[in-house]
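Per-chain residue numbering starts at 1, and chain names A, B, C and D are given in the order in which the chains are listed.
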Amino acid sequence: MSSVPETMRVSVLRGVEDLAVEERPVPTPGPDEVLVQVGSVGTCGSDVHYYRHGRIGDFVVREPLVLGHEAGGHIVAVGADVPSSRVGERVSLEPGIPCRHCEMCREGTYNLCPDVRFFATPPIDGAFCEYVTLAADFAYAVPNDMSDDAAGLIEPLSVGVWANRKAGVGVGSSVLVAGAGPVGLLVTQVARALGASQVIVSDIDSTRLERASAAGATDVVSAGEPLPEGISVDAFVDCSGVTAAVTAGVPRVKPRGAVVLVGMGADEVALPVPVIQNRELVVTGTFRYANTWPQAIALASSGEVDLDSLVTAHVDLDHVVDALAPDPGAHHVKIMVRPGGV
Amino acid sequence: MSSVPETMRVSVLRGVEDLAVEERPVPTPGPDEVLVQVGSVGTCGSDVHYYRHGRIGDFVVREPLVLGHEAGGHIVAVGADVPSSRVGERVSLEPGIPCRHCEMCREGTYNLCPDVRFFATPPIDGAFCEYVTLAADFAYAVPNDMSDDAAGLIEPLSVGVWANRKAGVGVGSSVLVAGAGPVGLLVTQVARALGASQVIVSDIDSTRLERASAAGATDVVSAGEPLPEGISVDAFVDCSGVTAAVTAGVPRVKPRGAVVLVGMGADEVALPVPVIQNRELVVTGTFRYANTWPQAIALASSGEVDLDSLVTAHVDLDHVVDALAPDPGAHHVKIMVRPGGV
Amino acid sequence: MSSVPETMRVSVLRGVEDLAVEERPVPTPGPDEVLVQVGSVGTCGSDVHYYRHGRIGDFVVREPLVLGHEAGGHIVAVGADVPSSRVGERVSLEPGIPCRHCEMCREGTYNLCPDVRFFATPPIDGAFCEYVTLAADFAYAVPNDMSDDAAGLIEPLSVGVWANRKAGVGVGSSVLVAGAGPVGLLVTQVARALGASQVIVSDIDSTRLERASAAGATDVVSAGEPLPEGISVDAFVDCSGVTAAVTAGVPRVKPRGAVVLVGMGADEVALPVPVIQNRELVVTGTFRYANTWPQAIALASSGEVDLDSLVTAHVDLDHVVDALAPDPGAHHVKIMVRPGGV
Amino acid sequence: MSSVPETMRVSVLRGVEDLAVEERPVPTPGPDEVLVQVGSVGTCGSDVHYYRHGRIGDFVVREPLVLGHEAGGHIVAVGADVPSSRVGERVSLEPGIPCRHCEMCREGTYNLCPDVRFFATPPIDGAFCEYVTLAADFAYAVPNDMSDDAAGLIEPLSVGVWANRKAGVGVGSSVLVAGAGPVGLLVTQVARALGASQVIVSDIDSTRLERASAAGATDVVSAGEPLPEGISVDAFVDCSGVTAAVTAGVPRVKPRGAVVLVGMGADEVALPVPVIQNRELVVTGTFRYANTWPQAIALASSGEVDLDSLVTAHVDLDHVVDALAPDPGAHHVKIMVRPGGV
């Protein structure tokens, strides 16, 4: 561990819109853990929300918190029970470590573990820093030709993989995606990679719709107007969290189809129960993901999903504020934080 | 076919609250059909609704309509392509014949066939009459010791089987059932037969709750008050169609659990999207059933489900009005119409 | 129907290795049927087997039989219950019409219908002729830029789709395919289209292995030697029917993996029960396919699967023998019969 | 922990047919573990096999080994991370602790974890002793009215639950069970509890067949003769490990049916591939179980499965040899070892 310094630089959220870089000890990996030098970390809507509001629902930032949970890097040290051959391995980090003991964990749905410890969710620190420790099995090897940015963006890609699994997307599927932010773009890319013949994306922003087309959408529609007649899909994936988008989308789903609610928004949405009944629609939501990293890495490695194209800017630890509160006119998709410098 | 008369008596709905008995020709079975002498027919909420309002949603009674779709009886004649050995067979009738050619039919979800012809749904006549024809494969043999009443009630039992399938009920499951009408009671009985350890039934009517207890509910709760603390279930099956019951029930479902909307009610219900997301609940509805008769007959034959106990009165064809508009104080569950006389 | 002649030319198998072209009446479509002018028909191993041996298992050619069941063409007439707008539609034919009434049909597994009527399976005639009738819902529209050859080869592609479904192949899967004949090549192409990261193909013939590589195999191995060390896959699909290939492949499947037996060969194969148990392998076989045409057409339309590249020769009705008994040194993959002339 | 002594008595297998009682330190529970005072432990065929042969396949008894893995008892002490309120809890022990970190564990199929530590499997000691430690989450609370014997026999019941899950048994199923030893009897009881209408059990021993009838078999057949004509089932579960039973059973499975190989026997069994293909049978095996304890406890608690009736004798630690090498004429089903005395 000779090359690992004793202290590191960390971007800390001390309060609402109060970020500072601190010097902290580099953590020591536990027996089952690895120490990862962070190469790149994506900025997510939840990071922005904590920065602006200091809370998301019941999760309140009471102590200084390190944000960032979309991280790629490489292993620089390992705990006693981890093969030392992993040192040097380039990895993508799955940022939520479940308890491994509850019913949810043992049955394979560990994303629903009530005791999961998730990066950048109070009181667990995230990855806007130079080094993090993580359970060894949640640090996944990536090919050497995958960038650190892409390794970090395996996390939002996993959101897209999970949403598509819930939606049952496959060869020949038709899918309506509401919202062309990063998640909507990744849901679109994954749907196409899985063989969907038709992926219709709606958004109010024409720049975002252009990006959706580039991501493989077969049709794009303006969310400012009623959905065109004739749209009828096997699955509707809401990535907008906008009530109007949800209520517009549900009636366009065919019998037996799926409605997957990914975007966060209103506490309640009025859903058309007779439509759900008469078509036996399956309505569900997603909470993070489980067992998605291998497939997400496969999709990014094969080139079927392009993660690097989502990156529109890089910042270093001293400029995390520029990632969390960017110029709104700049139409960023993903701003990456590079703790080692841009 | 010597024993089959040329004409028969039929109870016809001629308009809102306008029933009359008419004499009509006995129908002739097509090549793939059987002619069934109807022994007993249950009265369903949809029959009552057509009687009172002349329509259900888009289905409007424009021509005289024969009601009744929960029928048992015995085969008295067969079409050219049906083995004559079936004459004399006692049968339960599945009352909806799908087109057999569309995608839904070919993939086994024939209840969603857009061209299904369903008894007592305009313009298709039902079974409040002495004889009906039916596709031979939708007339299922029942054991000789099963009553005609029970043979007819295999239909609502199928609703209960289907709801439990959608809810994923099995050994050790906990289930909350809202509404203790006939369907709620059957959902309860089936859940217990499938091994559910806990079945909690809510209703506003204490007589109905007593029936729920007799049907195997492990707990009953008054729907007039908030659900007690601590109720947490694997599945919630709404058989009430009451918005307040739905909104009360959903938050009581555990992570990964199912919400199955069986009861018909409001056109829209406000559902708590964050709960659906954070727990990845699966919300769906039921539209009739598919491929349920064999299991329903098995449950009724083995005694695990008791159908005869649901029957609270019998009427003949001249008194169908008493089945469709009974004394509300009598707390009927199922009134059976016996075309051949009570 | 003015353009449809009264008689047509038909290639008839009159006995073992006895083919002749006869003039027969053009059939008339039933109410639910279409009349298809056959554009191209693939030659399958079963056709070759009937030609050489006059039987396959219990199916014996007792009367003159028309072979050919991989057919594409266009609709020239329709029955009374089929929209006349379908005349002119280019179609791929699913060659087995199930009874639509049995348990298998109603539950969506119509390939297991005991009363299926399948082209070129005694006593049902096939498609080596100018015109055939078929149930309208089993004639699937194909894009205008799909060739008649490809429309016909949707049938063997369906075999590949079905095998991959049974094998559970998806993004990141590893698959071992034994046998690089037409079916093995299509299983390989489909596996890759579904996102398999690794598809290893074994065969004894180096020409076939070259074709496997062209079809997307990531590795090819000679079946004449033991499988190399280190091969460990999620699924093994046998398309060879060779006992040695099956027994070599099964032990290479990972825990929870699938073994799918597609190739026909020995009546019994000794399988390693402790391996099946200790890894909880799932071993199954395929019998034709069900509900595969839409996905197969989607795969061929999108270009993810290339069917035209499988075609190595064309013959007309007078030269069907050249398709059924080709020069073995020519290494044909698919020889297409074009009833209208090459 | 005042009531827990420092040493305990342990029955140790020192070599082939060489058992001795030793005094050993009572183990100390780790942070996530509980210390259980063992009330009763079933004797399994694998215990007998180790006693007689000193090995099962690759698992060889090289060091003294404690046998016994079907254990019930009560918690007498807990580790630091376990609620102290669990002291006194009566429990059934799931005897295999997986690594919780591998792909199999994280996806919910922890029985296939390559690093599982399983009681009484070299070099892991089992439960023929007064006290054992176990991961807290693998010690499941049982109702107070469940006997220690039954708490121990939840383990073989889990084998039966798992086999029935693999076989897809449900309401109305027909099942053929080969072998009426303890596992066959439990598979039978579970199948009936799940609603199977027909459970046919075969065995060569008439005493065992009588027990099968008492366990709920609807038919029993002598395995010494060919299976009677007309047996046709949805699932065949082999609990005999006898090649002739397997080869007799497979052809009796209906299309789409399941073959589940539970019994251990020959290294290879010749299976009829054309039958597997033409009927698309699913053949699989079981390796222990995963996530079965809650359902097994529910079945035993509700009385749907009767475990106590399987117990035919009790022995104390000094007489374990009588459990492992009983009088073969005594027709024992389950002999329970009671470390605290009979």
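FYI, contacts are C-beta pairs under 8 Å (C-beta built on N, C-alpha and C of every residue); 3 or more make two chains touch, one makes a residue touch a chain.
Note that the structure is a prediction, hence the values are computed from the model and not measured.
A.B. asks: I need the common contact partners of chain A and chain B, sorted by label.
C.D. replies: Chains in contact with chain A as well as chain B: C, D.
A.B. asks: Check B-C against C-D and say which one is joined by more contacting C-beta pairs.
C.D. replies: So, comparing the two chain pairs, more contacts are at C-D.
A.B. asks: Express in whole angstrom the distance between the two chain centres, defined as the mean CA positions of chain B and chain D.
C.D. replies: 41
A.B. asks: Just curious, how far off is chain D from chain C if you go by their C-alpha centres, in Å?
C.D. replies: Centre-to-centre distance between chain C and chain D: 45 Å.
A.B. asks: Which residue numbers or ranges of chain B touch two or more of the other chains?
C.D. replies: 109, 294
A.B. asks: Looking at the complex, which residues from chain C come into contact with chain A?
C.D. replies: Against chain A, chain C makes touches at 161, 170-172, 193-195, 197, 294-295, 297-299, 301-302, 304.
A.B. asks: For chain D, which residues are in contact with chain A within the complex?
C.D. replies: On the chain D side, the touching residues are 32, 100-103, 105-110, 135-137, 290-291, 294.
A.B. asks: Show which residues of chain A lie in contact with chain B when the two form their complex.
C.D. replies: 57, 104, 109, 111-112, 166, 246, 255-256, 261-262, 264-274, 276-287
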